[in-house]
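Read through the structures below before going on.
The same subunit A turns up in both complexes below, where it pairs with subunit B and then with subunit C.
The block that comes next holds the complex of A and B.
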């Protein structure tokens, strides 16, 4: 029993890293644009299908394929922002952009069903595993985790060590002030949306290789978890998203030992419980409450 | 969407000063406009009332029933989300709860025939009872967090419908068979849904005129200020939430007998929430007739797409595209846009009549009939 718990904890932490990567994209978009990209779930699945298509039809390895899928998803993100999000204005802008993202998600879901069909597919990775003091860890879990850590670190460096990152953070803090000191807020918003969506390429690949399989409908499952994670971590807080992702996926993974069908409910129950006592999320600032 | 009525009133007062002839002419044109509008509404009402008697084709009446259910659901959604500004994407919680409340009761009480309709109040009651704890949790947070909480709770409910044994799991629960004539089978459903829709619109009108409605709209405009002015925000929001959920649950009960089966993915459908929101935005959020108008246009369009394109996936793509088009091209909704057009034309003609050079800027926001 103890052994099982330990094993699932490690599993949870490793896949939590993958979720953290997707959640960072979501929370980054929220921080800069003040919108919730509810299409993030289906975009992750799109990333997974891109990797699938590359590996099955062109025999390009999963990790090598990222060199193609990440730029592709980056472009897709910028197109979505330019075409559907940026034109929105007026008093209901935030609600409308949320609905626009939802509509985009429906279109993408339909397109994926059309192209790939409803059957579950799996990204085939090597089944090799390593043994650490009696535990077996599948390599791909470790690689996926390492990839997620590397990309989150890259985003961190981009945000805190570059001029572009400074303008992103300035926009997150105060859009008007950022505009006043000469930051092209529109450009920052489009690029941020692109980056937030680009991480779904890597997240999708890692998700497709480590989960039992996926189909276009998996997007709903993903987005509901991701939303719970970013809210728990406090909307717009990157550190919060990382912590919440690892924490929640680990809890889910451990509960899964006893109640596989209900593990996900624990996840939402925790969300409801936390928000009852801390409406701003675990690491959020009180500003989330303000209207 | 600040202070709808007030903004209009102010605009009119400013742009139609008591310059006698112009004022009288404006008043006359306004009166004739009212008559035309009333006649149009009356014609529409008659058309809706006799619709299934004129178009007896089963496929058509089926769409008509669906549309009426959505008209009522969109108006119910608007009572909470439109008036309070809290965008709920979790109303399928109440719809699905209504569906399952009736389905489970009909199965366990072994009801058959028309007796099943005695269960309708149960659907409404269950939805209202569920709305209170859900509201107590969700309404503590605002804006995005509220939206996301409603989505999260929605997924909990969908999961419960899938996993509990008493819901019949994925295969669902089949409705008792109604021994009605095939030719007019859809008619009772149509008039039931129409009755609920009319009741909801009437309720919506009453609330908008009431102190309660004013409190809701004060919360929408600025919740903190409303609290400062003595509005007890939580009970007000919760009442609207439960009321709205109660009607949605009732509709779920109707829909269950109409469709004949309760299945998790159809009863708790994320598209249901999105549709309600878009219908309301399309017609005019926070107006009385806007959501009904939106549903009258969008639901048949949606059904037509599904029938016209036998490829499910293509119709899903087109549905998403339709929604996007609504968001991009008519973001403020039909009725507010129309009201603004009329008001600015009136202001312009008033200005011309007075020979004044004053710029014609009348922008009443969110004006509803």
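The block that comes next holds the complex of A and C.
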């Protein structure tokens, strides 16, 4: 039993890395724009399909393909922001942006059905693994986890070690004040939305390579979990998304040993429990903005 | 500068119009039209063109449309062409109810065909029953559908609970020394998946085959890895997986391979029957030895099936192995309704229900069809199929015509 718990804990930590890759963009976008991007699930799937297309049609490896899919998703993110989000304004901007993101999700889903059809596809990743006391750790999960840590670190460096990062943080703290000191808030918002979606390309690749398959509908399976993760981590907190993803998926994985059908319930129960004592999440928004 | 509200309305209208346009590309309604002088027979169905069942739902749509095209090319039914009205239920048990109410009360369809999955057939058949419509369907064979005891339900396919019986019988026929010593029974939380696996467990366990794992897991692709790893940890010699689609099986196969675990027998309730959709997901080499129950496969010797396969390949191209069982199930629905309406010489649903309950044996690409009082197809035969070196072949029952030798134990994963 101890061995099983250990195995599922390691499994949960590594799978948490994959979820962190999918959730980081969501929390970044919320932190800067106050927008809950409900299209995040379908954007993850879009990233997965881009990797799939490169892999199947151009025989480009999954990780190498990120050099193409990340810029492509960055452009897609900027287009979405310019076309659907930026035109919104006024006191109801946040709620209207929810509807706009939902419309974006429906449009992208329809386009994916049209292009790829409804059949499930899989990203072929190597099943090479390393053995640790009778349990095999698969390379793809190890790489995905390493990628998650690296991307979170890169976003931290971008936010805290660059001029653009200062603009982003100023915008997060107070948009009006940011404008007064000469920051082009609209430009910052568009670029941040683009970066948030670009990171999702890596999440999509990792999801596609570690799941049993995906089709254009698969985004709906993801969005509720991703939202739970970023809320638990603290909306807007990049590191919080990583920590929450690892924590939630590990809890789910361990509960699965005894009660698979209850694992998902425990996942959300843990969220409720944590929020009862820390309403702003593990790394609450106020704390994030004060950083 | 226009007010924000006005700008949002413009934006929302544009988004909605674009969404409708693109969604329209992915779904459809009303396909086969007539040019004859008599008005066409309008047949309504709700299908999962999007959502969790979209892969199967769109295959069903193809099956219904292919049947309608074939019927119309031969003069239609009662001298009238057939026209389909298909609505998208987004795999939702709520939407499917709304759709059949719309089809019956707004569109005034003459006949109804069933949706995909038992989960949707159960509520949909109750609506059809309320309005006196016969409800012939091909994907609602789970006990929850028949437990309603509705007089209008007719499932042309094999009852779900019996699907794995030839597999259990084969295990039972093996000498004790050749039987697997242990078995795992992971099941998706779905009315299609659980009954047949639980029934198999109830047969194998008394044979002395120790149950190493028997749990129900959520039917979400995000939740498959952990139970798959748990099954791998048991090292059970046989795995009977209550799967509903390709991703379920693919997830388990991948996890097993990653854990260097290769059961001697691996049979899944659904997934391996999806032809090229399955092999492209798991790899043709890895598919070797995988088994699945069904009542139909493209190589069936049934003359109606062979004619359908030939016509299908002629129309859509590809090969016979590209045709999955959903298409044959949907096609069978049309065939049964066609024969009944032609016999009655009437579109009366009351007559149709009465005739289908009369004990008459009808023909379909899946084989003979005869209904009991609950609407189960009593004469459908269960087969077990297996992937062998890239070919999908019938292996059980051993004595059935067309069965080839079963590949046992299952070969090791290709990589």
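The rule we apply is simple: the second predicted complex is superposed on the first by the 278 of 291 C-alpha atoms of A that agree within 3 Å, B and C clash if a C-alpha of one lies under 4 Å from a C-alpha of the other, contacts with A are read in each partner's own complex, and residues count from 1 in each chain.
Just so we're on the same page, a contact is a pair of C-beta atoms (placed from the backbone, for glycine too) under 8 Å apart; a residue touches a chain by one contact, two chains touch by 3 or more.
Because the structure is predicted, anything quoted here is derived from the model rather than measured.
Student: Could you tell me whether subunit B and subunit C fit or clash when both sit on subunit A in the superposition?
Tutor: These partners clash in the superposed model.
Student: Taking the superposition as given, does A:106 touch the first partner, subunit B, the second, subunit C, both, or neither?
Tutor: It touches subunit B and subunit C both.
Student: After lining up the shared chain so the two structures overlap, which partner does A:15 touch, if you call subunit B first and subunit C second: first, second, both or neither?
Tutor: Second partner only.
Student: Check the residue A:214 against both partner chains and state whether it touches subunit B (first), subunit C (second), both, or neither.
Tutor: Touch status of A:214: second partner only.
Student: Now for A:4: first (subunit B), second (subunit C), both, or neither, which partner does it touch?
Tutor: In the superposition, A:4 touches subunit C alone.
Student: Touch test for A:268: subunit B only (first), subunit C only (second), both, or neither?
Tutor: Once the two structures are laid over each other on A, A:268 reaches subunit B alone.
Student: After superposition on the shared chain, which partner residues are touched by A:88: those of subunit B (first), subunit C (second), both, or neither?
Tutor: both
Student: Tell me which partner A:185 touches in the superposition: subunit B (first), subunit C (second), both or neither.
Tutor: So A:185 meets neither subunit B nor subunit C here.
Student: Thinking of the overlay built on chain A, is A:53 touched by subunit B (first), by subunit C (second), by both, or by neither?
Tutor: neither
Student: If you stack the two complexes on chain A, which partner ends up touching A:138: first (subunit B), second (subunit C), both, or neither?
Tutor: second
Student: In the superposed model, where does subunit B crash into subunit C, at 97-105, 169-177 or 349-357?
Tutor: In the superposed model, subunit B runs into subunit C at 169-177.
Student: Intersection of subunit A residues contacting subunit B with those contacting subunit C?
Tutor: 84, 87-90, 96, 99-100, 103-104, 106-107, 109-111, 113-114, 220, 261, 264
Student: Which stretch or stretches of subunit C touch subunit A in the complex?
Tutor: The touching residues are 4-5, 7-8, 11-12, 15-16, 18-19, 22-23, 25-26, 49-52, 54-55, 57-58, 91, 186, 189, 215-218, 220-227, 229-230, 233, 245-252, 254, 257-260, 274, 277, 280-283, 415.
Student: Residues of subunit A touching subunit B in their complex?
Tutor: Touch list, subunit A to subunit B: 30, 36, 38, 84, 87-92, 94-96, 98-100, 102-107, 109-111, 113-114, 220, 224, 227-228, 230-231, 235, 261-262, 264-265, 268-269, 271-272, 275-276, 279, 281, 288-291.
Student: Quick check on the complex: what are the subunit A residues that touch subunit C?
Tutor: 3-4, 7-8, 11-12, 15, 84, 87-90, 93, 96, 99-100, 103-104, 106-107, 109-111, 113-114, 117-122, 124, 127, 129, 135-136, 138, 210-218, 220-222, 225, 252-253, 256-257, 259-261, 263-264
Student: Can you list the residues on subunit B that touch subunit A in the complex?
Tutor: 1-2, 87, 89, 137, 140-145, 147-149, 151-153, 155-156, 159-160, 163, 222-224, 270-271, 274, 277-278, 281, 285, 311-317, 319-321, 323-324, 327-328, 331-332, 365
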